[in-house]
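Okay, structure first, notes after.
Chain lettering (A, B, C and D) follows the sequence in which the chains are written, and residue indices restart at 1 in each chain.
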Amino acid sequence: MTGAHDHASLIVQGRDRPGIVAAVTAVLAGFGANIVSLDQYSDDPQGGAFFQRSVFRLDHLAAVLPEVEKELGRVLADGFELDFRLRDLSVPQRVAIFASKADHCLMDLLWRHRRGEMPISVAMVISNHSDTAAEVRSFGVPFFHVPSSGPDKSAAEAEHLRLLQGNVDFIVLARYMQILSGDFITRAAVPIINIHHSFLPSFIGAGPYTKAKERGVKLIGATAHYVTENLDEGPIIEQDVVRATHADTVADLQRRGADVERTVLARAVRWHSEDRVLRHGNHTIVFA
Amino acid sequence: MTGAHDHASLIVQGRDRPGIVAAVTAVLAGFGANIVSLDQYSDDPQGGAFFQRSVFRLDHLAAVLPEVEKELGRVLADGFELDFRLRDLSVPQRVAIFASKADHCLMDLLWRHRRGEMPISVAMVISNHSDTAAEVRSFGVPFFHVPSSGPDKSAAEAEHLRLLQGNVDFIVLARYMQILSGDFITRAAVPIINIHHSFLPSFIGAGPYTKAKERGVKLIGATAHYVTENLDEGPIIEQDVVRATHADTVADLQRRGADVERTVLARAVRWHSEDRVLRHGNHTIVFA
Amino acid sequence: MTGAHDHASLIVQGRDRPGIVAAVTAVLAGFGANIVSLDQYSDDPQGGAFFQRSVFRLDHLAAVLPEVEKELGRVLADGFELDFRLRDLSVPQRVAIFASKADHCLMDLLWRHRRGEMPISVAMVISNHSDTAAEVRSFGVPFFHVPSSGPDKSAAEAEHLRLLQGNVDFIVLARYMQILSGDFITRAAVPIINIHHSFLPSFIGAGPYTKAKERGVKLIGATAHYVTENLDEGPIIEQDVVRATHADTVADLQRRGADVERTVLARAVRWHSEDRVLRHGNHTIVFA
Amino acid sequence: MTGAHDHASLIVQGRDRPGIVAAVTAVLAGFGANIVSLDQYSDDPQGGAFFQRSVFRLDHLAAVLPEVEKELGRVLADGFELDFRLRDLSVPQRVAIFASKADHCLMDLLWRHRRGEMPISVAMVISNHSDTAAEVRSFGVPFFHVPSSGPDKSAAEAEHLRLLQGNVDFIVLARYMQILSGDFITRAAVPIINIHHSFLPSFIGAGPYTKAKERGVKLIGATAHYVTENLDEGPIIEQDVVRATHADTVADLQRRGADVERTVLARAVRWHSEDRVLRHGNHTIVFA
């Protein structure tokens, strides 16, 4: 029921201790809210971490939400070590999609958005190639071409930050083939979701599909994760695989890889935009 | 954490209205219980059905549980139309497994149980064939041979009821190839889980694998469900499929079917035994 | 290697008997052809049906193919009860896509085609709705709007046949929500591929997703098949499923269904266009 | 049809060139053999490697096979750079299963074998633990306990070789937790199949499940491969995955891993025993 009128999501996360759920739900009940769904997870009953996602319905939500927030702040400040985030689900999260030449993930997101599958607002597409400009704009989405060749990305990243500033809630790297600097990640200050191919075993370095072909892998996978300074080592949001055979050429493997990449990325973006993904250490709790 | 010492599960189910979660969790908090996990689902925010499963930890659980139950009864009786079930998770549910000649599902359950994967106590195996007696008993499980030929099942079912009476919490039909009467289902008075093959499309009547071969199906499936008087039409607990090709003979299809049957049945039994499956109308809510 | 220059496919199908493979490959060897891949299947060694697909490479293929065909005809006429089809793989098969309002399967095929994933030539899109006209034409593909309301489809089908006549090698029904008459199927005289949702169990009649929701299915599937006069009962080409849960609304189930439909249809179209699907009785042999 | 009376498999492998299939099938046709199935694959039409598996039926096979072999040798020696293997499929391949404490893969193989799913003869089980002795022997299979502690494996391996000598056609490491020396691999001189867990990304070193938990992987996989001196880097035969969530404990991940390991190993053993797996460089061609 996310995206619906008068619905809000509430994420509570922190140190586990008895009574959190009771305290939080008492606040919501006090406002007459009806909890539509609630998922809670604790990674250790003897004092580990606590994670909760609830979606509730409340008449005149927009008007009352500041009061709910104040009251939750008051209650949760009192003795609990917890953070919480409250969000009106009728307001879609704003996203910037970064892409390069390969358009399969970019187009899949734009399509799904147009079909109403994604509770997001696509604020802009930024690409270091201009090839997809016309197609992106045909979806009514602004397209910005920001070239980014050479090792020094600072000019390009400065331009990125100017475009993003105040306009987006998260960033999706839809096969954006440029490395982001730690400085950019810090200053963008919004979650960044990336998609990359995954194999068992993993193949390091250039030409992974060629290596996968030589080793005769039987599965081609994709991993969507949050970007950290450690490149492809950030918290995993979602993964999936498709089967491959000896008869698949390197091009076939790439095509299968593209299929699974777009599927996995779409799931990750959807879950993120519905506040279903909670980060903790280097992993995620996904209330999907 | 199911199966652990001092842990209990609480299922609450009924008509949805604001404040249920707050009321329930306040009771648990009052006893100093720590909620380890909580899943809640409402099928309609405007007044539909409410489903909640929580697992909580409470010191000296066995001693305190009756008081918790009394208090929950008091609170939930007051204005809510709700049922609840409270269970000490350190006490495994007792199960009777019914089997016939095919032993793949039966043996898989006994194995998984011995490996500690199943929080159940296998009270007995009942079969209309004696073939598996020695093997079942080698697992330390009582085996009862109850022949059941001919259309009149009343003598066999009377014997079944004598064996089951007071001894089991649920029944698993592990490819038991006999039809149970509505009278038996009523008098057994415990949940009954069945497994059967599933195809797309479905093939009615005898020889389903032969028909599936003729139609060239590309998937072989299995469905685990609760038994109702409508045979294979009860609430679905779990389903899965495996791929098949034109080169599979009818025997190959049966072998693949057996594999997916035992996997699906094991998941269904495990989830049921952990109180993860809630029935509602003709479907289930599975907090897996 | 399909689609490559100087490559041809050869399908041989008929009554099995010793020596067929030897006879066929001797002909190819006589022309200096190199067999790139060969799949053979016999459904009964004691005199059942024989199926073979080979792809071979031959210099100056286009010039020599008529002679190869004549020689194969001579050899296979001599004592074997076999049909064969020989095709230059550098010539893509021409397809007409029929669609209605739902565009997920249509757009997926056009996209994959543009990305070079499909060895087909999209001759035209025919729809009983005009909604997708501009988008289809943006792919450089002719779009024809042929309204088809009311029970009498004869005028629409006459128009369809006029458009198709001589222009297409097969037809894809990409969620075309109109029933084709047996007369149309006969007169179109080309293979017709359809995609439809599949559940375990199957739900007959209107509102299948609503019924699937009520029954709580855990899998949503799709089946691609050849169209025969028996509606959705023709030979199955490909099937797949995705998981669903109790939390999926009817709209969620439809979205998941759309995803698996487009994936399954794309596989079926690709395999058909590479001559990988052989029909026999009411099933298929798929050399994928 | 493998395992059937009067059926043989023929593997041909080597440098590709025009005419191989014609030459091989002409020999079989000359003996009146009926080819039941034939799979052929060439990794490069312009002169790469050639792979063929055929299964044929021939009356009085056992008596005629030496002549077929001689004739194939004569024809294939003549100008082709090819190896071939011919095998009477009514004679099951003899296997030794190596195991340690974990019995899930071992028991799964023994069960499947007893149910007639595996065209193998289990010659012996060798374990460095004695725990499973009684259970293995209850299947009528010889069990040998060969302790293997400490870094020096030479005594244990000498004992292994004494037991294996002349008795087995291949070895399966069913979660055998000891490293085999290169010397043992050479002297055993039969194919060795291993199974190990696989993750995306892979986790090197001890405690992979703990690392996988920390990283929050969403898939748990298993890889069956041939053993080479490079440990887990040999040619992959089969891979598969199952889903995992944040709620899975390390024990849950291990349980899921055990499930997928036994499934993948069973497929690999079955395919190997039916001569469906051809090795080439560091990968396999699997005609499954």
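Just a few scattered comments:
Methods note: a residue touches a chain if its C-beta (ideal position, glycine included) is under 8 Å from a C-beta of that chain, and two chains touch if they have at least 3 such contacts.
Just so it is clear, the model here is predicted, and its values are computed rather than measured.
Note on connectivity: the fewest steps through touching chains from subunit A to subunit C is 1.
In this assembly, C is the chain whose CA centroid lies farthest from the centroid of subunit B.
Where subunit B touches subunit C, over half of the residue numbers in use are shared by the two copies, so each contributes mostly the same positions. Separating the centre of subunit B from that of subunit D, both taken as means of CA atoms, is a distance of 37 Å. Rounded to whole angstrom units, the spacing between the C-alpha centres of subunit B and subunit C is 41. Counting partners per residue, subunit D has 37, 41, 247 as the residues that reach two or more other chains.
Taken together, the subunit D residues at the contact with subunit A in this complex read 41, 198-202, 213-219, 221, 223, 232, 235-241, 245-247, 281-286.
By the touch rule above, subunit D contacts subunit B in their complex via residues 37, 104, 107, 111, 115, 117, 138, 247, 249, 255, 259, 263. Those residues of subunit A lying in contact with subunit B across their complex are 1, 7, 16-23, 25-26, 28-29, 32-42, 45, 52, 54, 57.
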